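Both of the next two complexes hold chain A, though its partner changes from chain B to chain C.
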Partner chain A sequence: MEVIEVKYDNRIVKYFAYATIFWGIIGMIVGLTAALQLAFPNFFNDYLGYKYLSYGRIRPLHTNAVIFAFVGNGIFTGVYYSMQRLLKTRMWSDKLSYLNFWGWQLIIVSAVITLPMGFTSSKEYAELEWPIDIAIALMWVVFGWNMMATLLVRRVKHIYTAIWFYIATFVTVAVLHIFNSFEVPVHFMKSYSWYSGVQDALVQWWYGHNAVAFFLTTPYLGLMYYFVPKAANRPIYSYKLSIIHFWALIFIYIWAGPHHLLYSSLPDWAQSLGVVFSIMLIAPSWGGMLNGLLTLRGAWDKVRDSAVLKFFVVALTAYGMATFEGPMLSLKSINSLTHFTDWTIAHVHVAGLGWNGMLTFGMMYYLFPKLFKVKLYSQSLANAHFWIATLGIILWTIPMYWAGFSQGLMWQEFNADGTLTNPDFLTTVTALKPFYIMRTFGGLIYIIGALLMGYNLIKTAKSGTFANNEVVEVTSSLKTKHSDKGEYWHRVIERKPMRLLLFSVIVILIGGAVEIIPTMAVKSNIKKITQVKPYSPLELEGRDIYIREGCVGCHSQMVRPLRFETERYGEYSKAGEFVYDHPFLWGSKRTGPDLAREGGLRSDSWHYGHLISPKDWSPGSIMPAYPWIAEEKLNTSHLKKKIRVLQGLGVPYPEGYDEQALTDLNEQARGIAANIIKDLSKKESDIQVSDIANKEIIALISYLQRLGTDIKAVPAEIEDTEIETSLK
Partner chain B sequence: MLRYIKHNMSEIAGIEIFPIISLLIFVLFFIAVLWRMFKMTKAETETYSQIPLTEEDEHLDTKDTKE
Partner chain C sequence: MEIIYVMLVVSLILALLFLVSFIWANKSGQYEDDVTPGIRILYDDEVKEKVEAKPNEKSNKE
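After this line comes the complex of A and B, so read on.
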């Protein structure tokens, strides 16, 4: 046995910990802003109607900030702290550690700048544009490289389970991010997804679901396997269970993505696979939760005295609730009620505020006294934070469950004569207003708790002494001879980090490949709907404004084959309708109505007035006003490039159409402008066609008027007689 | 569900086998992991699960060695 002096790098842990707290509070405040916008839309429209603050741009900023900035930095904090100690070695390279830190913060800052500016790919949790995507990939490799190299120079034989979860996180997030980010640049801050329609949707939700799995779950389970035993000062309940938990979880999770697309145009077999694996997920998820909670078996008295353990217990309970609810929501019958409603939002916040939030808070309360060699500044303040945060979660989620359930039922309600009880979508929105206000209150309370934590931890830091390096003496167990004879195959994998990494990749690729490859293959087989044509240049520009303003955050474009949907919106959506959609814009939430069949329903002038001031045209509407798109000139300087990029992706514009596009655009714009003038002239007769024809709003209107019209024109050709049987 | 989609999917040769293959892979893999788990000795699991708890007793004085 060799005794060696090791210096653990505590400074990198401190950096990430501060970043976690800082970005956590910022991300939550952005979320609160978005919640306030839904609760008090008129106030924001009248007094804070700036485009950079618009709901459609703020919402992705909130999701990105809490996922990648708050939880992301939380992951790094915990990983950098626990890995060094579990492997009895300093991180392999300080340079890579700090490159990881500063690079990640730079990515976050670029997100904070570009998302409010409207630079977005529109794909949920992957909104950042291509240069930032590349930066993310690089920084992720820096992190993984440092981690794997540290594993190779470790001084222990066995790699503890927590680290298996870190390894799986690294490889899977890398695979997901790279495959979902295939996009072709138009210019520095604009790109089109390489995939279109159904394929794009499947890849996106394979990514989106597994971003939840491998960014918000597996790394935090790793942290749980380290910090819960540490805080309770007793080993994990069952190490055997942790092995089953790990392999079953990473294997099953990767399949479940299609449950985000139930009743959509995704092939039925893929939907079914997604559902089956979602149900199976309960087993490993609950195995992990129980393993964490049962660690406290016989030590529950400690929970009374330790704020850290209190946070961990609620985190694990929230994890258990969310991972039971998730599979339930993936059952088609339940999903038809809950999907597109605030139920989904409540579900993710049980996990986000409960699991990720509470585990992070507990970890911070554990780490600061260790890092600063001092007792926590105020235990009672930490306990107060615990109760405030718990209350905040309850006050946040209950109104949203209620809202989701009520709205889902209102959408489905039929009168005795077979007509919809709530034909006007708006009545199902105005009914939610009290819930939106209550939710805001819950969020506010939760943030107050987080601020208390910030104060408590800063005070703790100030009263203690911090050492950049923690010096310890370790005995290297790797130098001792051991026999490989008679070893089980799995133990060899557990000792070899690279093999563990390779196995993890194989395990996660199986699920991805079985689902995605056939769906990609569909492209060559798909029977195109002959009426579906590429977007006109003006519609294309309008679609890009739709993407820029984040309309997809509130409006779906996917009519499900359910009677209450077809009755409200019209013909259900077909896979063949989306073949030219780069990216797909099906959406996942209906704060406003579905727009898949919007084209031709209302006049151009209605849209014109409604976009400038929704509440005047649709009293009670909570939609943000978009006055700036009526004032800003449409930028057509990238039009040629856009056409060429789309041609490259297989959209059948005629050869050389890029030269013709601008002429067509102007002609279509003048037509729409003339329609608007005709209707408005009674009131405002001095407006000329040329005054408005070159504005962004005209392009957006042209896009809205195009939606769903391809198959409206000749519906008979794709009439599907099996629709009734599918509803049974 | 829909004839339109079914029709397209039927053009991929042998698509029906995909779910069966995936189920098989999963079951076999899971059996292997279970096998491993049951083969672990109590001594092994105890040693492994103690890993996070065995680091504390080796601390030297913490020095602020600026590097």
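After this line comes the complex of A and C, so read on.
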């Protein structure tokens, strides 16, 4: 045993803490903007209409900002603070720490710029385009490298539970992010997913679900295991339970992804697998929740006096609710009602605003007085923030649960004669208006609370003294030779054979994947389904506009095999219909109707008018107007490359088709333009075919008119009668 | 649906990785004591009363 002087890096913690607060408020304001657009669509979407702030582009900006900027920086704040103290050592490398910080902020800034510009891969929580994907992977490795190396030079033999959670976070997020981001670049800011259709959907939700599990849950559980005992000054209720539930949680979580695709074209056995593991998740999740709450057993008087603990209690309660609700939502019978509705949105906000938000706030109120060696500027302001935030969560979520439940029921309501009670989708949307307004109000006061915190913490910082390094004396219980600096990094790893093995496995995993995936993905895409043909060049360009404008945020393309769905939309979706979809566009939310069978339902001119001004064509619609796509010329300069990239991915365009594509595109565009002119001529006779044929809107219309038409050629009626007779 | 096999393999390797770390943790005695680690984190390190930087000082040379 020897006493050593250690300097903890407090500056990196301060940097990340400021970034968390800043991006948190920004991300919430973007969310408020999106909420206002749904609540007051005329004013906020059209009157203030501006393509960079259009709902379809703003929504992914909100989700990315709150997940990766707010929670991401929150993770780093807590990890950098707690790791040093738990392992009794400074972070292994200052260079890596600050590279991690500035790199991450740069990624966020690039997201803030590219998402409103419409550069998106359309895959939820993975919208950022390929150069940014690479940057994320690099920064994540920087973070993990620094963390693992710190672990190797630790001065405490025992690795506290919290750190196990951090390690699992690092390893899993790295693997998921890399696998989901396989995409072939078309140009600097455009790529096509390596996978197509069902496969793309499966990989995406394997990622999507685990992003929730390993970005929003495990790291925050780690933070909970450090900050709750510290704030309460009591040991965790059961350390043994923390170990058991950690291992159970990480083993089960990675299998639950398919519950996002219930009743979709995913094979049934995969859906069932997802459901079983989702139900099992209740046990380890509640293990964590109870462990946190029971830590306060016999110390509830402290909760009364401490704003920090109040935040933690609500965070843990919200975590418990969300992790009970999640498994319930993954039951098929419940899912058929709630999926595609605002229920899902309410569910994620219980977790987001409650679990992540409140835990972050509590952590900040704990950290600032520690970092600045001063009392919190205003305890009563912190208490006010707590009550405002709690009220905000309630006002946000209850209306949205109500909205989701109502809309789900309206969708499946039948009259006695077997017809749909609400055949017009729009009636089920306009019914939600009061809920959208109430939700906006809830969000607004939640933000006011966050602003109070910002003020309170800045005041605290100003009144205190900050030292970049906290100098402490620690007793080292580890005999191993130790040095913070001046050693090649690989030496440190090589000294521990087991660690070396782990690192090698990760490297092999990535390397192997790069070789296997393309072959497999391409091979299965070649499977021929005779009716399903690749998109025409114009449809392909239209599809890319659909992706750019974020249409998938509100429109699903997946008719579930449920009677109320087939009655409303037509034949249910088959896996074989999506083989050329790079990426898949099934969507997860129906703010507008499903579009899987949209092709041929309405005239070209209806779409033309509707896209420019939806409210004139379907009164009461909350869809944003897209006047700019009728004005801007279609950019076909990347068409050849797009065709070649897709050919490389197994889409069977004829050899050398890239040279022919533009001619075909122009011809199809003129046809659609002529259709539109024919219908419009009564009102506006001066518009020529050549005026509109080269506009983006024509491409988008061609895509919409193509949707679902391949399968319509199949004699669906015969199939239906067969099913009906077999039921009798 | 070949992608399922890739994902199964990747998920299994991940699970295996976790399993290996679990076995390592057990064998190396990480879990021999399941009481004191929870208590130990509550003790703050002894701070040396030597403040290195002045408040709001930007530069940090080490």
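Going forward, the second predicted complex is superposed on the first by the 663 of 728 C-alpha atoms of A that agree within 3 Å, B and C clash if a C-alpha of one lies under 4 Å from a C-alpha of the other, contacts with A are read in each partner's own complex, and residues count from 1 in each chain.
Throughout what follows, a residue touches a chain if its C-beta (ideal position, glycine included) is under 8 Å from a C-beta of that chain, and two chains touch if they have at least 3 such contacts.
What you see is a predicted model, and the numbers here were worked out from it, not measured in a lab.
J.: After lining up the shared chain so the two structures overlap, which partner does A:F179 touch, if you call chain B first and chain C second: first, second, both or neither?
T.: second
J.: Quick one: is A:G600 in contact with chain B, with chain C, with both, or with neither? Answer first, second, both or neither.
T.: It touches nothing on chain B or chain C.
J.: First (chain B), second (chain C), both or neither: which does A:G671 touch?
T.: neither
J.: Please work out whether A:S265 is in contact with chain B alone, chain C alone, both, or neither, and reply first, second, both or neither.
T.: So A:S265 only meets chain B here.
J.: In the superposed arrangement, which partner chain does A:P627 touch: chain B (first), chain C (second), both, or neither?
T.: Touch partners of A:P627: none, neither chain B nor chain C.
J.: Can A:P131 be said to touch chain B (first), chain C (second), both, or neither?
T.: In the superposed model, A:P131 contacts neither chain B nor chain C.
J.: Going by the contact rule set out at the top, does A:P369 touch chain B (first), chain C (second), both, or neither?
T.: A:P369 sits against neither chain B nor chain C.
J.: Is A:Y226 touching the first partner chain B, the second partner chain C, both, or neither of them?
T.: A:Y226 sits against chain B and chain C alike.
J.: Please indicate which partner A:G454 is in contact with in the superposed arrangement: first for chain B, second for chain C, both, or neither.
T.: neither
J.: Starting from the residues of chain A touching chain B, keep only those that also touch chain C in the other complex, and list them.
T.: Residues common to the chain A contacts of chain C and of chain B are 5, 7, 85-86, 88, 94, 158, 160-161, 226, 229-230, 233-236, 239-240, 243, 247, 251, 255, 267, 466-474, 521, listed in rising order.
J.: What residues on chain B touch chain A, complex-wise?
T.: 1-9, 11-12, 15, 18-19, 21-22, 25-26, 29-30, 32-34, 36-37, 39-40, 45-53, 55, 58-67
J.: Can you tell me which positions in chain C touch chain A when the two form their complex?
T.: 1-7, 10-11, 13-15, 17-18, 20-22, 24-25, 29-31, 33-35, 37-42, 45-48, 50-57, 60, 62
J.: Okay, in this complex, where on chain A does chain C touch?
T.: Residues 5-7, 11, 85-86, 88, 94, 157-161, 164, 167-168, 171-172, 175, 179, 195, 198-199, 202-203, 206, 226, 229-230, 233-236, 239-240, 242-243, 247, 250-251, 254-255, 267, 270, 464-474, 498, 501-502, 505-506, 509, 513, 516-517, 520-521, 523-524 of chain A touch chain C in their complex.
J.: If we count contacts the way the header does, which residues on chain A are in touch with chain B in the complex?
T.: Per the touch definition, chain A meets chain B at residues 5, 7, 82, 85-86, 88, 94, 156, 158, 160-162, 225-226, 229-230, 233-236, 238-240, 243-244, 247-248, 251-252, 255, 265, 267-269, 271-273, 373, 466-475, 488-491, 507, 510-511, 514, 518, 521-522, 525-527, 561, 574-576, 718, 720-723, 726.
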